[in-house]
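Some structures are shown below for you to check.
Two complexes are shown next, each including subunit A; its partner changes from subunit B in the first to subunit C in the second.
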Partner chain A sequence: MDFSFKHKRISGILTILPKKAVKFEDEMTNYSFSPAKCMKLKLAMGYNEHRIAEPGQCSSDFCKFGLQYLFDNNLLNKDEIDALLFVSQSADYYMPPTSNLIHGHFGLKQDCLCLDINQGCAGFELGLIQAFLLLEQPAVKKVILMNADVLSPKVSDQDRNSKPLIGDAAAITIVEKGEEENPIYANIKMDGTGAMVLNIPAGGFRMPSTPETAVMEQDAAGNFRSKNNLVMQGDDVFNFVQREVPPMIEHLYVQSGVDRNEVDWYMFHQPNKFMLHKLADKLGIPHEKMPANIVENFGNASGVTVPTCISYNLGDQLVNGKMRLCMAGFGVGLTWSSIMMEMGSLQFNKIIEF
Partner chain B sequence: MKDQIIRILTELRPEFDFTQEGMNFIEEGMLDSFDIVNLVNDLDSTFGISIDGVDILPENFATVDSIEQLLKKNGAK
Partner chain C sequence: MEELLEKLAEILEVEEIDVNKKFTDYEEWDSLTALSVLAMLDSDYNTSMKASEIISFNNIEAFCKEVLSR
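Up next, the complex of A and B:
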């Protein structure tokens, strides 16, 4: 499904990372691999260290910390917020919505739309599309997009498929109406037949958490996890990404009329270095135009990886200049989405720690 | 090409004999998914190619012959 928008802009990106950094080497004794094989895995995938939230810290805490930072530094005015989007797979409660909790925490105005969206690796793109759609309304002038996930407590320490790469983080993106035309092209696709390729079996209404669901079991590859833990069928995810993402980007070139060489940066979701390099090779994009350094330095925090990649790799370059970005997310759902747009003259684009 | 493939496989998993006829490396548990990742990296650098991501399927790494076919398909000479 294709979308196009005009007169919309991103005016700021703030990424909020946990202070706690955990090294791959400190965890590899948990995995059923020899030390030598673990080190090969580290090199191939680009694992190094990842940021992990402290016990008790929720996704909403990172969002609240970031919003408070923006209010304190006069980068955002509470009264300007017309919509608050919370895109996450780690809500505080089944009910109420986490966006409403954040709304209440800050005493935001009543004329404000709060919306929780359950989405993972394509959550930045899906959230932006939703923000752009809302901004078509005369009453909506500024949307606050919060991508946040604290999923590390749901990943087994003995799961080498997921543990080395998981990261916790949040990002706050300010999306607003703009005077310049600034054409934006986006597309999104879904395939629910693959929905369980990435899942947490227990803890919802379908399979409530019980002492039985907490029992650790070994899979065929030697990983140990319980039904309360996140499970990723890595091979299926890899094949899905390699099959679906290149045609999506090729379609985006046609849709936008932008040649691949006219794109300054390819800011893609960050599952691991190997997967990103394969995508870049397939699309004929130089590796240096598609940064693959977020898992290595911070871990994969689902829909937060793209804004983290933008903040970490571009920083003030997007405050002082303008660039054409091609962004893409792909994963749980299965969902894959991409956006082509120019971004620049941001009020802020940085990383802070909580 | 076959000799180079066997050398790379042996460096990756020295505990196995990859010269035996009729072995399926995947079914026999000689290569797991992370071995395949490392194998692809080694094959890419040795033969100066980039194996297409859609071809990174277990069946393409099951035998020396299937790996050779995969390499040729992806431009190795």
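Up next, the complex of A and C:
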């Protein structure tokens, strides 16, 4: 499904990372792999260090910390917030919505739309599309997009599929109406037949958490997980990404009329280095135009990886200049989405720690 | 088939592949080498398989025949 927007812009990106960094080497004894095999895994996937929230820290806490930072530094005015989007797979409660809790925490104005969206790896793109759609309304001038996930507590320590790459993080993106035309092209596709390729079996209404769902079981590859843990069919995810993402980007070139060489940066979701290099090769994009350094430095925090990649790799370059970005997310749902737009003259684009 | 066998030998870190063996007979076979095979099928043979499908073949010869027939 294709979308196009005009007179909208991103005016700031703030990424909030946990202070605690964990090294791959410190966790690899938990995996049913020899040390030599572990080092091969590390090298192939680009694992090194990932950021993990402290026990008790929820994804909403990272959002609150980031918003407080923006208020304190006069980068955002409370009264300007017309919509508050919280895109996450780690809400505080089933009810109420986490966005409402954050709204209440700061005493935001009542003329404000709060919306929780359950989405993962394509959460930045889906969140932006939702923000742009809201901004079509005269009453909505500024949308705060919060992407946040603290999923590390849901990943088994003995799961080498997911543990070495998981990261916790949040990002706050300010999206607003703009004077300039600034055409934006976006697309999104879904395949619900693959919905369980990435899932957490227990803990919802379908299968409540019980002592039985907490029992650790071994899978064919030697990983131990309980039904309370996140589980990923790695081969299905790999095949899905390699099958669907390249045609989506080829379509985005046609949709936007932008040639692949006119794109300054490819800011893609960061599953691991291996998958990103394969994607770049398939699309004929030089590796240096598609940064793949988020998993090795911070871990994969689902929908937060694209803003993290932008904050980490571009920083003040997007404050002082303007660039054409091709962004893409793909994963849980299954969902895949991409956006072509120019971004620049941001008020801020940085990483802070909580 | 020669070329495919050479690629498999490289992934499994052996001099030569015994086509009568199964993937799981090889010491190096695990989730990481399975992913390498998936990636090789995708980039060099423009096809895909599930990891469980790869190990379901009676031997590597049957796997190769299937890949090359696609």
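Throughout what follows, the second predicted complex is superposed on the first by the 354 of 354 C-alpha atoms of A that agree within 3 Å, B and C clash if a C-alpha of one lies under 4 Å from a C-alpha of the other, contacts with A are read in each partner's own complex, and residues count from 1 in each chain.
Simple rule for what comes next: a contact is a pair of C-beta atoms (placed from the backbone, for glycine too) under 8 Å apart; a residue touches a chain by one contact, two chains touch by 3 or more.
Quick caveat, the model's predicted, so the values are computed rather than measured.
A.B. asks: So if we stack both complexes on subunit A, do subunit B and subunit C clash, or do they fit?
C.D. replies: Once both complexes are aligned on subunit A, subunit B and subunit C clash.
A.B. asks: Would you check which partner chain A:137 touches, where first means subunit B only, second means subunit C only, and both and neither mean what they say?
C.D. replies: Touch partners of A:137: none, neither subunit B nor subunit C.
A.B. asks: For A:274, is the partner it touches subunit B (first), subunit C (second), both, or none of the two (neither)?
C.D. replies: Both partners.
A.B. asks: Answer with first, second, both or neither: which of subunit B and subunit C does A:239 touch in the superposed model?
C.D. replies: After superposition on chain A, A:239 lies in contact with both partners, subunit B and subunit C.
A.B. asks: With both complexes superposed on chain A, which partner does A:221 reach: first (subunit B), second (subunit C), both or neither?
C.D. replies: both
A.B. asks: Could you look at A:37 and tell me whether it touches subunit B, subunit C, both or neither (first, second, both, neither)?
C.D. replies: After superposition on chain A, A:37 lies in contact with both partners, subunit B and subunit C.
A.B. asks: Touching subunit B in one complex and subunit C in the other: list those residues of subunit A.
C.D. replies: 33, 37, 40-41, 44, 221, 234-235, 238-239, 242-243, 274, 278, 281-282
A.B. asks: Give every residue of subunit A touching subunit C within the complex, in rising order.
C.D. replies: For this pair, the touching residues of subunit A are 33, 37, 40-41, 44, 160-161, 221, 234-236, 238-239, 242-243, 274, 278, 281-282.
A.B. asks: Which of the residues in subunit C come into contact with subunit A in the complex?
C.D. replies: Residue list for subunit C touching subunit A: 30-32, 34-36, 38-39, 42-43, 48-52.
A.B. asks: In the complex, go through subunit B and note every residue touching subunit A.
C.D. replies: Interface residues on the subunit B side: 32-34, 37-38, 40-41, 50, 52-54, 56-58.
A.B. asks: Given the complex with subunit B, which residues does subunit A contribute to the contact?
C.D. replies: Going through subunit A, the ones touching subunit B are 33, 37, 40-41, 44-45, 221, 234-235, 238-239, 241-243, 246, 274-275, 277-279, 281-282.
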